[in-house]
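Heads up, the next two complexes both have subunit A, just with different partners, subunit B and then subunit C.
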Partner chain A sequence: MIFDLEFVLSALRIATPLMIVALGVLIAERAGVLFLGAEGVMLCGALFGILGAVYVGDPWMGVVWGLSAGVVMGLVTAVLTVWLPTDQVVMGLAMNIAAIGLTSFIFRIAADDLQQMSPPMGWSAPGALSENPIAAFLFAVPPLAWLAVILYFVVWYMLFRSAPGLLLRSVGQNVKAARSAGINVVLVRTVALALAGGLAGLGGAALTVGWVRSFADDITAGRGFIALAAVYFGRWYPRWTLFGCLLFGLGEALALRTQVLGGNAHFYLMIPYLLTVGVLAFAERGCAPREVGKPYEQL
Partner chain B sequence: MGTFTAAIGRHFGRMLAAVALCGAMIGTASAQDKIKAAVIFGVSNPASVNGWDRGHYQGVRKLIDEHGWDVTMAENVPFPLIASTAENYAKSGFQVVIFTSSGQVKAWDQVAPNYPNTLFAMLSTTSSLPKSNNVAAYAPDFYSYGVINGLIAGQATKSNKIAGVAGLPVKAVEDMFSGIIEGAKVVNPNVEFLSAFSGDWTNIPRAREVAALQIQRGADIVLGNAGVGTRGILDASQSGKTRFVGYATDWAVDAPETVLSSVILDVAGWYDALAKDVASGKVEPKINEFGAKTFSVMPLNKEHLTTEEITKIEDSVRRYQAGELSVPVVAHRFK
Partner chain C sequence: MVEASPGSEAVRLEGISKAFGSFKALDNVSVTLRYGEIHALVGENGAGKSTLMNVLYGILQPSAGRMLVGGQDVGSHWSTRDAIAHQIGMIHQHFSLVMEHSVLDNIVMPTLKWTDLAPKWGQYRERFSELSAQFGFELSPDTLVGKLSVGQRQQVEILKMLYQGAKILILDEPTAVLTPQQSDRLLEMLLQFRDRGYAVVIITHKLEHALDLADHITVLRNGRQIATVAKGEGTIADIARMMVSQEVNTAQRRSRSAVGEVVLDMDNVSLDVDGVALLDKISLQVREGEILGVAGVAGNGQSELAETIIGLQSTTAGSISIYGKELGTTSVEARRRGGIAIIPEDRHAHAVVGEMDIASNFIMGHEGEPQFSRRGILNRKNIAEFAKHCIAEFDVRTRSAETKLEFLSGGNQQKVVIGRELSANPRLIIAHEPARGLDFAATAYIRQRLVQAAEAGAGVLLISSDLDELMELSTRVVVLYCGRAVGTVDADAYDPQHFGSLMAGAEAA
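== the complex of A and B ==
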């Protein structure tokens, strides 16, 4: 009952939004920008995702709305932290707080229309395959979990196997050298933050549209920060970042399912956090991109 | 998209109307004529949180619309700040301070004796009163409420497994779950009750996963009392193609095909009773309990039950409310 295919599916549902947001954080930080506002961007994506799904009547349009909201928030972050530039820590925290207020305000306006659950996002195995347990399981995996896997390969390829990725990493590693080489640092970081914001918004939509099909104030409840921690845990590499997200998902799914053993629910709910702290404590120390958090002054 | 634009238009239209109304009221009615009250919520935007908090919001509307009270709502107040929030209202001249959750009992006990000129009302479950005369409680009998839920679920289940998912095992939940167990047993001795807790009252995803697990364990009827998280329980129920019994307010609008019925708590009625007691000067330091007769059952979903089953369930609820069906009172413990 505890360790079965449903357990894996539950862990995937929990980990999917984290994985997508973490990939966004990874891109931003690889470009040398501390993306502390990921939580707020995720929250905006969560709200606009559900708005899109409800008003258009199509969950995939909700995903597009969430992603678009994230891109806008990412560009706002770029204006504030790259173009001006302001302190990245302060601005990240301000973005998170502002996002709570903004989403709560819009949620109140639209609350009457959001009472009904948004349309489900799912697919089922075609007739001939529905009897096959492996096919049935693969079709039971949330569509956005598959998308997260695809995004992982795209981000990995983009960062480590492509010329734009090399530009992006060089800007995050040594901004003076990059500038001397003629790289437009502001442009690279702006594009990186637009991508990062889009992914954080998509992660928010994965939470509301792809998982619980409704919205509540502050529904992300710190998941953006967990994604941030997963990037640190993963030493700024996609593979280990994703592993960190999956580990948290497994821990939380385990915590919820072990309740069937009896005992105090709170004890089990500590599991994912203890697991995260434990793994972080024993994980090899990573080396962050050198320019992360440093404001870039244009000459 | 057009609906969203219309929603924004409606909202600002209401705001303008409210401003105009306030302007018109200045000079025609004195604010001093109104009872000034504050209602403290643990959640934000209670109107949007179907169940317990929306019930309270309807009660607040009743105070404003029918009794002419001047009501201020404090939303999203964390437990450590409830006492100081209530204290601030009392210091600011509010005549009535209303608590909306049994989790606020400690603050109620702490603040009420210090401000004898303010009435502190608890509109939730409590087993005791603060040592003060300026207090009153208006609370449902959650055991009876659970029994009615149990009578419905016990007869509607096909798998003989029903699940109750709550935020935390507080007294109100323990009473409700105990009532469900005993109520269901009376009409279906083979029924098994699966209880689970999501760990808080706000986490929709977590509540969803906990409920999904109970469905995996075989429950085909799910009852939820997890605050904001109840939306997640409804989603799990819908995704798992099981049936959901709505808590406190009518949930049929949220997911018409999934909701079997809703058992309504007349929360607005408690506010009405409070307002009438205040108006007549008959507020006493006692717990005013609202029992089985005050609960109502929304029409049972005909897509899930036959006419015979519906008649049987409705009859058992009616007999229980009339005192003709005896259900033993057994306190179960949940961790």
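== the complex of A and C ==
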């Protein structure tokens, strides 16, 4: 039997980092900034997450470190693509390449301390409930997965029901309208990128601290881009983005499972990436927030 | 907010200047706006009208001068948020609406606070309905703005201002995008606002609107304030004289040169798309030195006529020849090189690239010519010289040739198009609505260039919805109706009644 509870949990573990990073991308792009650097920010979050978890000895401190590293990277992105502004595509790609170098370098320096795995993250059901299979399952779901789902509700409400959400979406759709409503476009985008960076860093920490519990060079291996793809797949709406992330998680979990059936592991690992290409080919373009990718120059 | 009784001062601008680099967009302009009055700002394209209002609305910071709103000096930190808080509302010429958002979202958005996590949507909706009822708007709050017509979008903009509680309303060229009926309705509404005690500013280059409506008219020219005239103190001619530095010769000369060989010969040209005849057996000839007018209610084949000649659409039957040589299926590029120039109806879509500089726009389509490039490498020096020459020759008002085209006013953009097309010494010029949306100095200039081109021996096909323009410039006018040429009228024998019935298709058999 391939599809058991363990399979669902495995898919969730894989999807969690994607879900969190995708949420960051969603916020940035709803504010009109192309967040191509998500991959690099995620990678930094992954490294600093492990560093925090190992040096402080608490996985939750790792999460905080990863998130903080992400916020800093988000602000760097803001300076480069919003304040200056430079081309968002070029800068995103440059950030990703720079992040690989930076994280590998720091990883070498700290290599001796990162030999063992970071402390595990999780909780177990209180004694009375551990007998109940449903409760046991709910407690087996990684805590960061729960956090991700809660964040989706929060972000959905903030973007589509609250006043700041409407203002932020207006910035992403039409800077002229936003400006003539007196909105400080640069400030809004800076804050959005700080949030987006924080979430991408958190997603990176979810990958290392919350799941594999160690770091390796380029450990994200394109997951930031898959998160980006999930946002496009979800047409910039939280619930469809969440669905896209879960789909990608399922794909990769399937790949891990089918190795048991024999054959080349790389073939199965290829599946989620093929799925990404397929989804992107069929997802509608043209519903992106209008200002995404356009540098905003003040008068 | 200070007392807003009719006649009391709403805003006083004192000695406002605004410089972009060394270019003075505004030079010492002083204007006073009062409640219960309509103030018109008139001037040529690029005279500084919009710049002045952008300063008042906090989008631009003035280089000098001071602003008093409700009698109080606003100081140097004046932002759009402040302007809105002081009950100033502005509608830009190009609307500031989010097409993907609903009417209600667009209207409420500027008044929302960043800290408001649970907005009272129900109340906003009620307030929207009240305002709509009060001013007679019929808009559904949940429709996406992108699905509305241009006139309705303007209503959304007006409602947006009113919803913000604006008492000082600024409208930048509000009638430019409207049909005559819609624009009459808008002007009536402005009078209604005035009577309710609002201070209204209308930026326009339609002088008759300004004279009909405004209690005061301020005339700007090249950023300087020429005069502020009270109602009844000036005539159209007076104000027109103030707007332009030199006396405008409103009566156009028609080309008087002898008519030469046939340049363009269209023989039974038809264009069928999905069984609809967009052009139906059109035959016409344009000779050297002649301006042939094409009239008709918009959408009766004018665009298709222009596009088949330049090669954007291929004909389904008939032939088009230039100097007797049939064009067949030759490419647009070959046709342009063969001496056809086109001034398209929609310059943004078909004639210019706003994000590129003026020099690039001047050589676009001609960049392969030896003077501009050798073996695919652009000769920047020659291009810069050519652009400089064109800017002077065609009177483009700009700081430099490196300015992005989109920063020019509409009239100056059109001059770039005309300059590029005429510099190639074309044998046939297709001019489709060449003066649409331009102020009358630019209009007069562009018409004059067309006449000169004809006198120099080119054939001109002038497609226009402006009958005065057609009658002034062309010798003969062809009337299109449902893709057919239903009549040709000599401009000298123009009879409005007869012409109108031709355009309405009454004589189409």
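Here is the rule we go by: the second predicted complex is superposed on the first by the 276 of 299 C-alpha atoms of A that agree within 3 Å, B and C clash if a C-alpha of one lies under 4 Å from a C-alpha of the other, contacts with A are read in each partner's own complex, and residues count from 1 in each chain.
The rule is short, and it goes like this: a residue touches a chain if its C-beta (ideal position, glycine included) is under 8 Å from a C-beta of that chain, and two chains touch if they have at least 3 such contacts.
Here the structure is a predicted model, which is why all the values come from computation and not from measurement.
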Joint occupancy of subunit A by subunit B and subunit C, clash or fit: fit
Subunit B versus subunit C as contact partner of A:189, first or second or both or neither: neither
Subunit B versus subunit C as contact partner of A:176, first or second or both or neither: second
Partner with the higher number of touched subunit A residues, subunit C or subunit B: B
First (subunit B), second (subunit C), both or neither touched by A:212: first
Which of subunit B and subunit C A:290 touches, first, second, both or neither: second
Subunit B versus subunit C as contact partner of A:30, first or second or both or neither: neither
Shortest span in Å between Cα atoms of subunit B and of subunit C, once chain A is used as the common reference: 36
Where subunit A meets both subunit C and subunit B, residue numbers: none
Residue ranges of subunit A touching subunit C (in the complex, touch as defined): 158, 161-164, 166-167, 169-170, 173-174, 176-177, 179-182, 289-290, 299
Of all residues in subunit B, those that touch subunit A in their complex: 1, 3-4, 7-8, 11, 43-45, 47-50, 76, 169, 196-199, 202-206, 208-210, 212-213, 216-217, 228, 231-232, 234-235, 238-239, 253-255, 335
Subunit A residues touching subunit B - in the complex, by the definition given at the top: 1, 6, 10, 13-14, 51, 55-56, 104, 107-117, 120, 122, 207, 211-214, 216-219, 221, 252-253, 256-257, 259-260, 262-266, 269
Complex contact set, residues of subunit C against subunit A: 57-60, 79-84, 90, 92, 94, 96-101, 105-106, 108-110, 112-119
